[in-house]
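In what comes next, subunit A is part of two complexes: it sits with subunit B in the first one and with subunit C in the second one.
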Partner chain A sequence: MNQGLRLGRPVAGTLAVAGYVIMIVPILFVVATAFTAGSTLRFPPEGLSLRWFGEALAYSPFMEAVVSSLELAVLATALALVLGVPVTLAIHRGRVPGKGLLEGLFLSPLVVPELVVGLALYQQLMIGLHLDNFTTLLLGHTALLLPYAVRVTGASLALADPALEEAARGLGASPLRAFLTVTLPMLRPGLISAGLLGFVTSFNNVPLSLLLQTRDFRTLPVTMLDYVQQSYDPMVAAASTLVLAATVVVAVVAERTVGFAKIFGGINR
Partner chain B sequence: MTTPAAELVGVTQRFGSFTAVDSIDLRIPRGRLTTLLGPSGCGKTTTLRMLAGYASPTSGRILIDGQDATRTPPEKRDLGMVFQSYALFPHLTVADNVAYGLTMRKVPAPERRRRAGEALELVGLGHLGDRKPQQLSGGQQQRVALARAIAIRPRLLLLDEPLSNLDARLRVQMRAEIRRIQSETGLTVVLVTHDQDEALEMSDEMVLMRAGKVVQSGAPRDVFPAPADRFVAEFLGYENFLTLADAREVAVRPEHLRIVRSDDPQAGRLGDVALGDITLDAVVRDVAYRGVDMLVTLDATDPAGAPVRLVADHRAETGPAPSAGDRVRLVAPQARLALLTPEPTTPEPTTPEPAIEGI
Partner chain C sequence: MGFLLPAVAMLFAPPGVTFAQVIERMGAMLTDPYDLGIIWRTVRIGLVVTAVCVVLGFPIASLLARSQSRWAGVLLALAIFPLLLSNVVRTFGWLVVLGSNGVIGQLLTGLGLVEKAPQLLYTELAIVLGLVQLFLPLAVITCYSAVAQVDPGLDEAARGLGASRTRSFWTILVPLSLPGVVVAATLVFAGSVTAYTTPYLLGGSGQRMLSTQLFSYASVTVDWAAASATAIVMTVLVFLVSGISALVGRKGATS
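This part shows the complex of A and B:
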């Protein structure tokens, strides 16, 4: 037992370090190449310059795509929460038959390959129902984010005492007021974490966006992918670095305001 | 006769094929503390939840202050409920928790603060209003839950196993505390518990429940010496059951079974054994030391001729302790015998049993 622990610690430590190295080092390469003064995507960078950041910010396809991606991510996240929270409430507080099945259904987008979902949406919604590509993308992303909306907010609710709502009712609150004054505050950390996770997932999504893109509406990852296929200059590294920086800012703000442990645990204490 | 604070008339609650509460009739007397007592699954909590409005009876009627409240939602019943888990709102301060019911009633802020403060004073926590519930000990949280329920001046105060999450010493303190609050406020209190000591100490009226039915009810000092049947007797700590020669069954508590040494020449004297007392010859099987007394387990033959295992409490001041293998004589005083109704029982209000005669 003790020996296992003594052996286990260095092994676990090595694996953890290896994990961080594998995750972080490639990112550092990208960041480093973004600061190059040269004109090829190569490491080590040739000289130091902010030139490619300027180019990325001035490149209108990227900037349009950023706006599109933000628009899509915000709307899809909001829609997923609006649909997902009532489902969570039904699963955790309601008297619904087949709760397990219901939860399984709303978690299924996690396991169905996104390419399949994308193709299905393309065939049924865009070709079949003639929906435009933004609407189709929005529906696809919303479906993709539903598992987070249901599961992460559910984690908050599962930890909250169901007697809380009963207590509020007993003290004179109507069902709606009990929800607004007691249940919703309990859900808050779950809503914030589901929102952040959902936003990031939608913003980064490639497979769905790739299948459902058109000339009028492209997301940033797909635009960057297209760009890399055509040219190999460091502008794409600069754009990636900017996205990374924005993500870090969001993460720091989230940590300062709610705390990371709370956000990703969806936990309420 | 005044209307009872609440009344259940033929109330039944079924969950699928399971009958949790089986057609019970209950009157909750005004201004007194009534306990619903019974083992888990006897329907006591379901009864309380129906009274509070969190569950609707399958059939039957619930009256509060003489008015039908069977279908009234909980927020319109004006009752104060203390949950087993306390159910304090973790995102609100203690003061806001206590004021919650007043906020819902749109009581103006200054009055709300004053009344919440009074309720906190009543439970001795006037200084902790600014804390969050998580920063309080279990006992303090319990008091906050009480204050929150009392602050709305409820028509009934309902307590669901309020002391079960406290440690033993605190639990005993809180019994007296709840009694004090009850008598200071004059509130009608209904308390659910599975702890007979709690019920005996706290109740004006105790209602014993089993399998969804009321088995016996009355004041503790009427119920305790005269359990209606074997179930109630066992629940109240009667551990010895004897079948008499005429097939009637009596129960006697371990502390009332007197051990007399067979070799003690005094023991057979008439003065020790009154007419009507049961005397039994027994062999000591085991003696367990318990500090205050000793728990003596004995083998005997009951008056009907069947072998029976008995337990008696032996105190050092009543004589030298018996040891395993001793042959002794047991005396069960007539005044301490509880005559039991054969099961199945009829739920009737209890009257103290008359002394048993002619044994």
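This part shows the complex of A and C:
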């Protein structure tokens, strides 16, 4: 395709093409089958129609789950930011005791499998303490997003000069005023990044949410998963295509605000 | 999620089950051929997926990080984009590709190469493909950061001194970005051995992994001791591999 990318590196180029095929091509086939007029997941599709999009939008379990997932993702992201920003400030700016412990808790690479966390929350909170599943999901998702919030806002705070806040204080600003007028604007890119990353992570989550579903409150990915297992028709392809379209919108918003690669890849280009 | 460790500790005391029963179930699991088979399948798939992701991801990362082309930014975005997309949507694509009426089956029968479409879905191969699709973007961005940190002047110096492109790749780029590759491999392995969506949709009931087994203990048979025991095995597996890779990474950094 391009001299700089391909020529002279036949082995690397071939492997790279294979990688892109595996990453992207199955997604394209989902879109192609969503427009079928037939009633099976057959390829090539039997005729063109928008029928399955209509069915997906009229299927109430999906629509209720979209609302539930949005509600959960927005609340969990907001909570994670509200709790995460003070932790970030304590780690980067504070002279608080136990700073090492905070860093260890929030920035350690130790990863507990999400499915396992879901099981523990189910056993202890829903069965043990009789919490309802929305509260349990909200707690779980907030806990899941908190390290992202601390890490991503921390990265933008690390770039900001602490002398600016000191200057504001030296010129007579109260601590609150210094925070609101100096620190918070510097945190803005970090807050946007952490917010978008958190929202997407929560909205798409399966393993943590899986065991925490009830008939009254179900999230979209788990509802779709159940549907696929039961019936093999193109409605999920249509629903998937709609999710894909929404994801593209999120990606464009991310690119316009802070930069797509920076937010989701952690890459400063 | 280090602060969730207390939650993991609670796994040893699920509702209505004693600590001793969990330990006993875990002992039974580690001697039972069926359970051991599931553990081994999980580890085997994790290792294969990790190897494939590094072998495909590193070349993508090194080509993109070293390219001056305008297209490199677009291709990088294309590699990152799947990370935002729901795993259910991405995995569903393989049902369309590998299913009995799917793309590959129709292609092979249409061309008259085979009588009947081969069984591709609900095999270990399907799980591996699905997991590679899921975790390759993670491998690419992690390797990309590692490659981008290696001074391009070093490649040029090696080339200037007469090293071939292949030689400078293996003697400069690979060793210097190795710590990043180890991180990428760890993330992919940990993700693969704990993923649920992929083995559930593409493996079916014949290709159980620890995650699907855990779900069925917790949700279908409601056997808390077995669910806890499976969860503990899975967590230990992930911690063990993270620990080993941290050691390898530290050794690589000092030597």
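In this section, the second predicted complex is superposed on the first by the 231 of 269 C-alpha atoms of A that agree within 3 Å, B and C clash if a C-alpha of one lies under 4 Å from a C-alpha of the other, contacts with A are read in each partner's own complex, and residues count from 1 in each chain.
By definition in this document, contacts are C-beta pairs under 8 Å (C-beta built on N, C-alpha and C of every residue); 3 or more make two chains touch, one makes a residue touch a chain.
Small disclaimer: the values here were computed from a predicted structure and weren't measured.
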- Go through the superposed model and pick first if A:Gly98 touches only subunit B, second if only subunit C, both, or neither. neither
- subunit B versus subunit C as contact partner of A:Ala237, first or second or both or neither: second
- Message: Which partner chains sit in contact with A:Arg177 here, subunit B, subunit C, both or neither? Use first/second/both/neither.
- Response: first
- Regarding the shared-chain residue A:Met186, is it in contact with subunit B (first), subunit C (second), both, or neither? first
- Message: Is A:Arg169 touching anything from subunit B or subunit C once the two structures are fitted on A? First, second, both or neither.
- Response: first
- Message: Contact-wise, after the overlay, does A:Ala143 reach subunit B, subunit C, both or neither (first, second, both, neither)?
- Response: second
- Query: Is subunit A touched at more residues by subunit B or by subunit C?
  - Reply: C
- Of the two partner chains, subunit B (first) and subunit C (second), which one does A:Glu114 touch, if any: first, second, both, or neither? second
- Message: Taking the stated contact definition, name every residue in subunit A that is touched by subunit B in one complex and by subunit C in the other, in rising order.
- Response: 269
- Item | For the subunit A and subunit B complex, residues of the former touching the latter | 161, 163-164, 166-174, 177-178, 181-182, 185-186, 268-269
- In the complex, go through subunit C and note every residue touching subunit A. 1-5, 7-8, 10-11, 14-15, 55-57, 59-60, 62-63, 67-69, 71-73, 75-90, 92-97, 99, 101-103, 106, 129, 132-133, 136-137, 140-141, 144-145, 148, 165, 169, 190, 194-197, 200-201, 211, 214-215, 218-219, 224, 227-228, 231, 234-235, 238-239, 242, 246
- Item | Interface residues, subunit B side, partner subunit A - complex | 52-54, 73-75, 77-81, 83-85, 87-91, 100-101, 104-105, 134, 148-149, 152
- Query: In their shared complex, at which residues does subunit A touch subunit C?
  - Reply: 1-5, 8-9, 11-13, 15-16, 18-20, 22-30, 32-33, 40-44, 104-106, 108-117, 119-124, 127-128, 143-144, 146-147, 200, 203-204, 206-207, 210-211, 221, 224-225, 228-229, 232, 236-237, 240, 243-244, 247, 250-251, 255, 260-261, 264-267, 269
